[in-house]
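Letters are used for the chains, namely A, B, C and D, taken in the order the chains are written, and counting of residues starts over at 1 for each.
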Amino acid sequence: MKETTITVIEKVKLKNPVLIEGLPGQGMVGKIAVDYLIKHLEAQKMAELYSPHYAYYVLVNKSGAVRLLRSEFYYWKNQEDGNDIILLTGDTQPQTIEGQYEVADAILRFAEQNSTKLILTIGGYRTESKEEPQVYISATNLELLKRASEIGIKTSPPGSPIVGTAGLLVGLAKLRNIDAACLLAETPGYLPDPKAAKSVVKVVSKMLEFNVDLTELDNEIAKSEQIEERMRKIEEQRRGSEKIRRKVEEEKVSYIS
Amino acid sequence: MKETTITVIEKVKLKNPVLIEGLPGQGMVGKIAVDYLIKHLEAQKMAELYSPHYAYYVLVNKSGAVRLLRSEFYYWKNQEDGNDIILLTGDTQPQTIEGQYEVADAILRFAEQNSTKLILTIGGYRTESKEEPQVYISATNLELLKRASEIGIKTSPPGSPIVGTAGLLVGLAKLRNIDAACLLAETPGYLPDPKAAKSVVKVVSKMLEFNVDLTELDNEIAKSEQIEERMRKIEEQRRGSEKIRRKVEEEKVSYIS
Amino acid sequence: MKETTITVIEKVKLKNPVLIEGLPGQGMVGKIAVDYLIKHLEAQKMAELYSPHYAYYVLVNKSGAVRLLRSEFYYWKNQEDGNDIILLTGDTQPQTIEGQYEVADAILRFAEQNSTKLILTIGGYRTESKEEPQVYISATNLELLKRASEIGIKTSPPGSPIVGTAGLLVGLAKLRNIDAACLLAETPGYLPDPKAAKSVVKVVSKMLEFNVDLTELDNEIAKSEQIEERMRKIEEQRRGSEKIRRKVEEEKVSYIS
Amino acid sequence: MKETTITVIEKVKLKNPVLIEGLPGQGMVGKIAVDYLIKHLEAQKMAELYSPHYAYYVLVNKSGAVRLLRSEFYYWKNQEDGNDIILLTGDTQPQTIEGQYEVADAILRFAEQNSTKLILTIGGYRTESKEEPQVYISATNLELLKRASEIGIKTSPPGSPIVGTAGLLVGLAKLRNIDAACLLAETPGYLPDPKAAKSVVKVVSKMLEFNVDLTELDNEIAKSEQIEERMRKIEEQRRGSEKIRRKVEEEKVSYIS
């Protein structure tokens, strides 16, 4: 493979589709959100993307089957009046600068071929832990930002760049005159963060006017909070015994001198 | 995007244009100088350059609008007899060796398409801080150096290579038989240096015989001197308290032993 | 050379060939196994592979002859009913991500041109040293895994990715609808490990129903065990004298204070 | 520039030319030797090679003229019966793996276009300093090694790879059926080493049966020995004062305790 390649699995005709991207990144916010939507909207796989710019290893699943690192496109047909949705998830992001641009380009060509009307990319925005993570939007044009603001979505604080596919897709979409926006949820970023993902899913479902049950995401949040709690305790114990060790040490020192 | 791409925004016919390049680099001398010229000559944007060799993130502005890293070409029509001017500024330089050569090449093709007669690149030359930073010239041919010397511009001291786009543009221009010169202003280099930029702007306006008001650049210099002054004081205080801390420490040590 | 190139040395017509790959990697398991098969099946060279993604140095042999780093394809004609075999060995693996994908692709094109029915890749699986290293299989499809399990080969534990050519060949073969499997033998991995290689050779000869004399491999194992034994002793001595040194040191310290 | 490019300066017809390559490397042996031959054979420039795989800076000479990093081909017409010579020198070697292969390839295409009969590459072989550095040969074929041995040139000890252009040219020449050999002179390698270069020049002139005056190379050797002597003395002084400093320190320590 010398170039990024998209293999179509099911050819479908979509109604004014919106592409929602969520790849691994800060707090895994994008991937958790999109994987949740795929599962709970019961979206169907339509294509796979492979790239020589992904890391050069393969994954083995429980039954021993091998597969390359890849990204996957799923579709969901809206039974109401609203837009159909293409969902993009994946294992990884490209490993080189040129690879990042090439893969983003391949995704946009696929979006164009499917007459995509809007691209939404999802990521994390690094901050302290928050009870209800805020979601910020930035976009290719002011019209989009205005519409987002009307349904209560805050505009991204300026200054910090958006790194990786979530950023490049929006930047490159502009050059192709496709509307695109990036949704960043606040996250401490060092652990998978379903709470931040939930904030984004709520915003997305509001923007695109569809319903999705959030119960299972709440379960994931509860689990991740238990894990964090356990890690906090281990850390506390470690610090406690560290303190004791140091005190003993200091006493030894004073004793020696 | 697989290759560096230039998007034309306004097609213009220019009279013997001189292209002046100023991208981020030592002391930001080139970028400050060219951005100042763009603003004060009221130059108009004619093209944008995008490249898959730029870093893979996008910028968000105050209103939440997203854009790729890019370089921009502006033009200024000379109302007198002299040359029209193309001004090249940008956010960044390419991140890889091959990217540096590819982007410099794309710029030169654009210069050729616009029948550019001369290319001037601007950069910083690392030295101690000086009251009036000197500007040095180096060029593709001796004729250019002679003309520069006649209006009092000193020739670059030999030895230190010119790194990045400011250097490559001149080197590659020679292969295309376009006259080109590089102007380097003395700068300590670690902070944006409007004083060095002013020295270059004066030299450029003298070479190309146009007038530009330098008042606002003087204001920037005053501001940057205040910032430096403040940093110097903070550093002094830090050193002072460091001294005290060490003395206390030493006394403790002698006390213990 | 701008692309990976395969030079055919002998054009042969093979009967349902199976390609077995063994390049340098963990414990050199793959390379030792395939080199052993080449020698003991008296396989003949059919092609050489060169790549600009290999390291940029050349090798000098005992007589002073220079050659590029390369991979080599050998063939073995099965005198019985079973499959003919193509054996792939080499000096090295590609040095960059894109190189890994390009070379794996070139190998697969060669496999297709020779109507390869199955690809087996060989590598090491990092664990503690074992008396009889286990061999694990993973594959492009469940049918293959089932057949392997029927002759007693265990399925790879999930989770750990397979890095390099041994992994990519299987992952990319799937996209071309060629059956492929990866055999990983347990190995501590830090030294060339003929014991792990023997485990794999036994599994391969069982899968493909051919006979190969293992005596010489046993000799290599005996030799490598002697080397390990010697290294263990040196290490023990080093630790012993280190202990003494520390004790002396400590006594000095107590003496001084 | 997207590819390595060779610009022909003078088109010449050469008689059975031998190409001798000497680029920067260990002890600068190759570059010193070839530059010396260019000067003392009064060879003429025939072509220049530029590459986007060279470092991205330009050089400024004493008069302020700018030029890209490059390699240069010179030719020398043999007035006797023997071979004409093409000499290849340069500023640098390519900075990436793929660049090394691409540039070596471009050189070989140029060699083929000029009907080159033999390629000799020159480099350094890392050892302790020697009064008369030995020259070792390795080559694409045994015939060449035999002829070299007949005039007293020793064959390279096996094992250590030949890194960079000096190695790749020979390795890649073999694939194009051009005879090629690499001459490595013993050198400590950390400083430019005219003594090693002299050993090579003597071997080359013997192989190709031409005469070149070595007086000026002897002067360079004398100069470089003076420099080494001076550096040795500085080092000795540094060690001396270091010893004193330590002794003072130790006495202080005993005093304190």
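One rule holds in what follows: a residue touches a chain if its C-beta (ideal position, glycine included) is under 8 Å from a C-beta of that chain, and two chains touch if they have at least 3 such contacts.
Everything numeric here is computed off the predicted structure, so don't read it as measured data.
Regarding the chain A and chain B pair, does the interface count as same (over half of residue numbers shared) or different (under half shared)?
Different-residue interface.
Could you grab the centroid distance between chain A and chain D? Build each centroid from C-alpha atoms only and quote it in angstrom.
53
Averaging over Cα atoms per chain, report the distance between chain A and chain C in Å.
37
Which residue numbers or ranges of chain A touch two or more of the other chains?
In chain A, residues 257 touch at least two other chains, as defined above.
Touch graph of the chains shown: is it line, ring, star, complete or other?
Shape of the chain contacts: a ring, since each chain touches exactly two and the loop closes.
So, with touch as defined above, which chain pairs make the list?
According to the stated criterion, the contacting chain pairs are A-B, A-C, B-D, C-D.
Can you check the complex and tell me which residues of chain D touch chain B?
Residue list for chain D touching chain B: 1-2, 7, 50, 52-68, 95-96, 99, 256-257.
Which bits of chain D are touching chain C when the two form their complex?
97-98, 100-102, 104-105, 137-142, 145, 155-156, 158-164, 167-168, 170-172, 174-175, 180, 182, 257
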